[in-house]
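Next come two complexes built around subunit A: one with subunit B, the other with subunit C.
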Partner chain A sequence: MNSPVMRRVLAGLAAAVLAVIYVPLILVVVNSFNTSKVFAWPPPSFTTQWWVRAWESSGAREAVWVSVRVALIATLIALVLGTMASLAVQRFTFFGKDTVSLLIILPIALPGIVTGVALKNAFVSVMGINLGFWTIVVAHATFCIVTVFNNAVARLRRLGVNLEEASMDLGAHRWTTFRLVTFPMMRSSLLAGGLLAFALSFDEIIVTTFTAGEGIQTLPIWILQNMFRPQQAPVVNVVAAVLILVSIVPIWLAQRLGGDEGVPAAH
Partner chain B sequence: MAASSPGYRKRLASLLAPPMLWLGVAYLGALAALFLTSFWTVNAFGTGEIEQVWNLDNYRALFTISVYRTITLRTLAIAIGVTVIDALLALPIALYMAKVASPRARKWLVIGVLMPLWASYLVKAYAWRGLLSDAGPVAWLLRPLGLDTPGYGLTATVITLAYLWLPYMILPMYAGLERLPDSLLDASADLGARPWLTLRRVVVPVLWPAAVAGSIFTFSLTLGDYIAVKIVGGANQMLGNVVYDNSGVAGNLPFAAAVAAIPVVIMVVYLALVRRTGALENL
Partner chain C sequence: MTNPSIRIRGLTKHFGQVRAVDGVDLDIADGEFFAMLGPSGSGKTTVLRMIAGFEQPTSGSIELAGTDVTGRPAYDRDVNTVFQDYALFPHMSVQDNVEYGLRVKKVAKAERHERAKDALASVHLEQYSERRPSQLSGGQRQRVALARALVNRPKVLLLDEPLGALDLKLRRAMQIELKELQREVGITFVFVTHDQEEALTLADRIAIFNDGKIEQVATPAELYEQPINPFVAGFVGTSNLLENESAKTLLGREGSFSIRPEKIHLDPADTTGLQTASGVIREVIYLGATNHYVVDLTTNATLTVARQNLHGASDQNLRHRADTVTLGWLPEHVIELTTKEN
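Now for the complex of A and B:
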């Protein structure tokens, strides 16, 4: 394994795989300046007009705003529920602990269409609710809990209970201990988990198509609906390029936060 | 901290109740309702209204109408293809990251593999729609070699899904290999094994559970997807398309529910099969 030939072969193959990962993304960014509307390659010439049109596209801007609001509320719910579940699992012993962990993973472990159609059926047929903004939020919160939970559990396990016990031995009540000892030590892991939850929600498309109301467009839905329209394709391409460039931000943030798990869960 | 004291129980209950009401009652309830719905039918007038009469018509249709068998097998074949391609692509880079790269390079490689996970799903599928288009880069690259872009179809679907889920295969493989002590590789080499033999006899047995763990992701994600095939799959349909198309206003929600049971059954069978490999501890 350590022979120089093997090392070089592996390095070459690894570089090739990295190229496979990145070349398509780079091409999308380059193509956003392509004058051709059909991704003609090599580009006949370059233009910034699609960027101007995308900036002026009110549909895209509204969709971004919807996505941001959905993701923020879903993340907030996931933070509260995920933190509670992580404390229960890590600081208590009880029968059925594994079932709790399993239940939290289930919404992302099951194929997306299953969660999507199950929630749609529950909203529309069982509860008689019209699909709209809040049905998306509820659906997203359901599969976002796991990212917060995973990060918080990993942190709580690593922290141990010594400091919490010391705090209570010194006379602090449970709530004071949580507020002044446990929570500050969990904070960066909750930020990392919340960041993942936000990204997961912002990007989700499959469950969203099942649970979004008629007039509501999240950004992924806007992209999907406009992708097949020849007139809109270049604008979609600019939005795609922006999303690629923006995706560098959370990675940079996650590195700085030093979250326990930098892996976004499957959606 | 006595586990039986009333205060302990009360605190546990208050922490556990909200998440369990959300997931245990609402979400599991929705899944149960979906399962029950699959035994009902819509009325014959095509208004999409559900009649709560218990029968097995939906499941009978799934088994007897050949198009659904075709779609199920096609979806399964796509999932297998995607998993195999991802495993083959992930092996060299995971091996390089875990066993060859310097700690500094390793850190950057992990970031490099993680970054695309943050890039939007749709953007990545859209990228391949562009890449594989008739005038696109793949055609431009391959035509001088006498080849051509595969165009939009099943090949494009497999390529796109494999691209989408590749990080989910690389990361467990990398984590599995990182646990493999270097001394085992050295010992194998000292005992005279050539690199290829070491790979086959030392690395692969350690890698297997990790690869299976990755395959759970690639399998489940592929079975649950219907967007990629819409974007690059031409007229082809996967199970997800049948579920989605039947869940609409004019559709047949009970039938959609029955179709949605197929990927669940496949995943349960798959998980039962791979339990023995120890892959579930690798997740």
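Now for the complex of A and C:
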């Protein structure tokens, strides 16, 4: 198994798989500097004019701004509700606890198209709410909460109740204990969960399609609507390149923060 | 007599179908060093957690210094706990850990700083105040946990297997330190342990737990010399248990009895006043300071005899397997035990 030949074969396979994933992404970034509008390969020469045009495109800038706000607010809601739900599930016993836990996690597994249709019907037909910015936020929060909840639950389980008992033993009430002990111990896991939630929301397209109001476009939707217009193709490409870079940062940060450094294991 | 430091009446705790604690009555005097000893699962830790307020009893009451605290949360009781794994806050310095109790009780900054410094000095850790708990050794963490509890000047200090995580040598040193500390601060210490040697070394009085109930509460010497039932006789020290037939033939009495191995003489020179029996040595166990001889008696019973190695372990001084010997003991060293049946 551990022969040099085997190791080389495995290394080759790994490289091939990674190449299939990442070469197209690198192409997107390279093409954003390609002078050819139809992405002739190899690029005849390089230019930054598409980046300038993308920057000047009010549609693209507007879409970025909508996406950032949606992702930030949805993440914030997910952080508050996800933390509270994780504490309820990990620190209290109540009837139907396992069911609640499952119901919170479920939205991430449900097909986006189902969630989208269901939410649209609920918003429009049942509640009589006009689709708009806030309907996107609420829709995104339903699946953003999952990453926060999962991270927080894992951390709380690992942490155990010893530190919280010690805090109460020393005279701290529940809220003080949360503020001074539980929350600081959860912080890195919440940050990791929040960054993942942000990334999920930022590139979500299916649920957004169903829950976005008239004239409100998130960045992925703007890309979808512009990519088949020949005039816009290079600009879309620039926006895609930006999206790649913007997505990498939170995921990289989340991975670094997700570790359990300094958190003692519960016994 | 003034109110005891802790008064427990009819304390019971069920976890589902399991009766972890089953009707415990206990009085612990002010300033006492008290041990709760028993095998794991005997309920001793659950009683400690109910005194601390981490578990609520199914029924029964707990009084601290004359005040009923049953049902009060942990933060509303004048007790502090040293946890088995210390439970130091990993994100705070040693100083902040020790100050924590004073901080949440809104003690002024200058005062709490001063008191935490004194507490750390009393456990010889003043130079470590800026470190994180992860940068300390096990013994040092143990002392921080002690300082963090004692700085609050509780009426009672609870210790859950306080020395369990330390190696043998450090444990011995910490035992002495704990005992000195308790004498210095003069408050009631209640600790849980499954180590009988630790309980005998440290405690003024010991409660023996078994199966959710207390079997006996007594001083270490009383427990050893006057165990009331077979469980206590067997759990504290080694004991020769004589029941039913063997008691009748050997002692001529009905009931259950215990004789400690060191109370039995091997081939006594003078048997006046002794009860005697003869037998054959089945096993010789060399223990350094003592030798244990397992002797099969002609009357079908087996007795373990301890003999001090006063003259070294040379061949002439030791007895051998298959030697025929006479055993003798004073009648007053036969302890009558009560069994659960009667």
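Criterion: the second predicted complex is superposed on the first by the 252 of 267 C-alpha atoms of A that agree within 3 Å, B and C clash if a C-alpha of one lies under 4 Å from a C-alpha of the other, contacts with A are read in each partner's own complex, and residues count from 1 in each chain.
Keep in mind that, in the parts below, a contact is a pair of C-beta atoms (placed from the backbone, for glycine too) under 8 Å apart; a residue touches a chain by one contact, two chains touch by 3 or more.
Since this is a predicted model, take the numbers as computed values, not measurements.
Student: Here subunit A is shared; do subunit B and subunit C fit on it together or clash?
Tutor: After superposition on subunit A, subunit B vs subunit C: fit, no clash.
Student: Which partner chains sit in contact with A:Ser167 here, subunit B, subunit C, both or neither? Use first/second/both/neither.
Tutor: In the superposed model, A:Ser167 contacts subunit C only, not subunit B.
Student: Identify the partner contact of A:Leu253: answer first if only subunit B is touched, second if only subunit C is, both if each is, neither if none is.
Tutor: neither
Student: Touching A:Asp203, do we find subunit B (first), subunit C (second), both, or neither?
Tutor: first
Student: Give one of first, second, both or neither to describe whether A:Val52 is in contact with subunit B, with subunit C, with both, or with none.
Tutor: Neither: A:Val52 stays clear of subunit B and subunit C.
Student: Name the chain, either subunit B or subunit C, that contacts more residues of subunit A.
Tutor: B
Student: For A:Ala19 in the superposed arrangement: first (subunit B), second (subunit C), both or neither?
Tutor: neither
Student: Touching A:Leu180 in the superposition: subunit B (first), subunit C (second), both, neither?
Tutor: A:Leu180 contacts subunit C only, not subunit B.
Student: Rounded to a whole Å, what is the shortest Cα gap between subunit B and subunit C in the overlaid structures?
Tutor: 5
Student: Common interface residues of subunit A with subunit B and subunit C?
Tutor: Overlap of subunit B and subunit C footprints on subunit A: residues 262-264, 267.
Student: For the complex, which residues does subunit B have touching subunit A?
Tutor: 3, 8, 11-12, 15-16, 18-20, 22-24, 26-31, 33-34, 37, 50, 89-90, 92-93, 95-97, 99-100, 109-124, 126-131, 133-137, 139-140, 163, 166-168, 171, 185-186, 188-189, 195, 198-199, 203, 217, 220-221, 223-227, 230-231, 239-240, 243-244, 247, 253, 256-257, 260, 263-264, 267
Student: If you look only at subunit A, which of its residues touch subunit C in the complex?
Tutor: Residue positions touching the partner: 162-163, 165-173, 176, 180-181, 184-185, 262-264, 267.
Student: Which stretch or stretches of subunit C touch subunit A in the complex?
Tutor: 52-54, 73-75, 79-81, 83, 85, 87-91, 100-101, 104-105, 134, 148-149, 152
Student: Going by the contact rule at the top, pick out the subunit A residues touching subunit B in the complex.
Tutor: Touch residues, subunit A against subunit B: 1-3, 5-7, 10-11, 13-14, 17-18, 20-22, 24-25, 27-28, 31, 36, 38-42, 80-82, 84-85, 87-88, 92-94, 100, 103-104, 106-107, 109-114, 116-122, 124-126, 141-142, 145, 174, 199, 203, 205-206, 209-210, 220, 223-224, 227, 236-237, 240, 243-244, 247-248, 250-251, 255, 262-264, 266-267.
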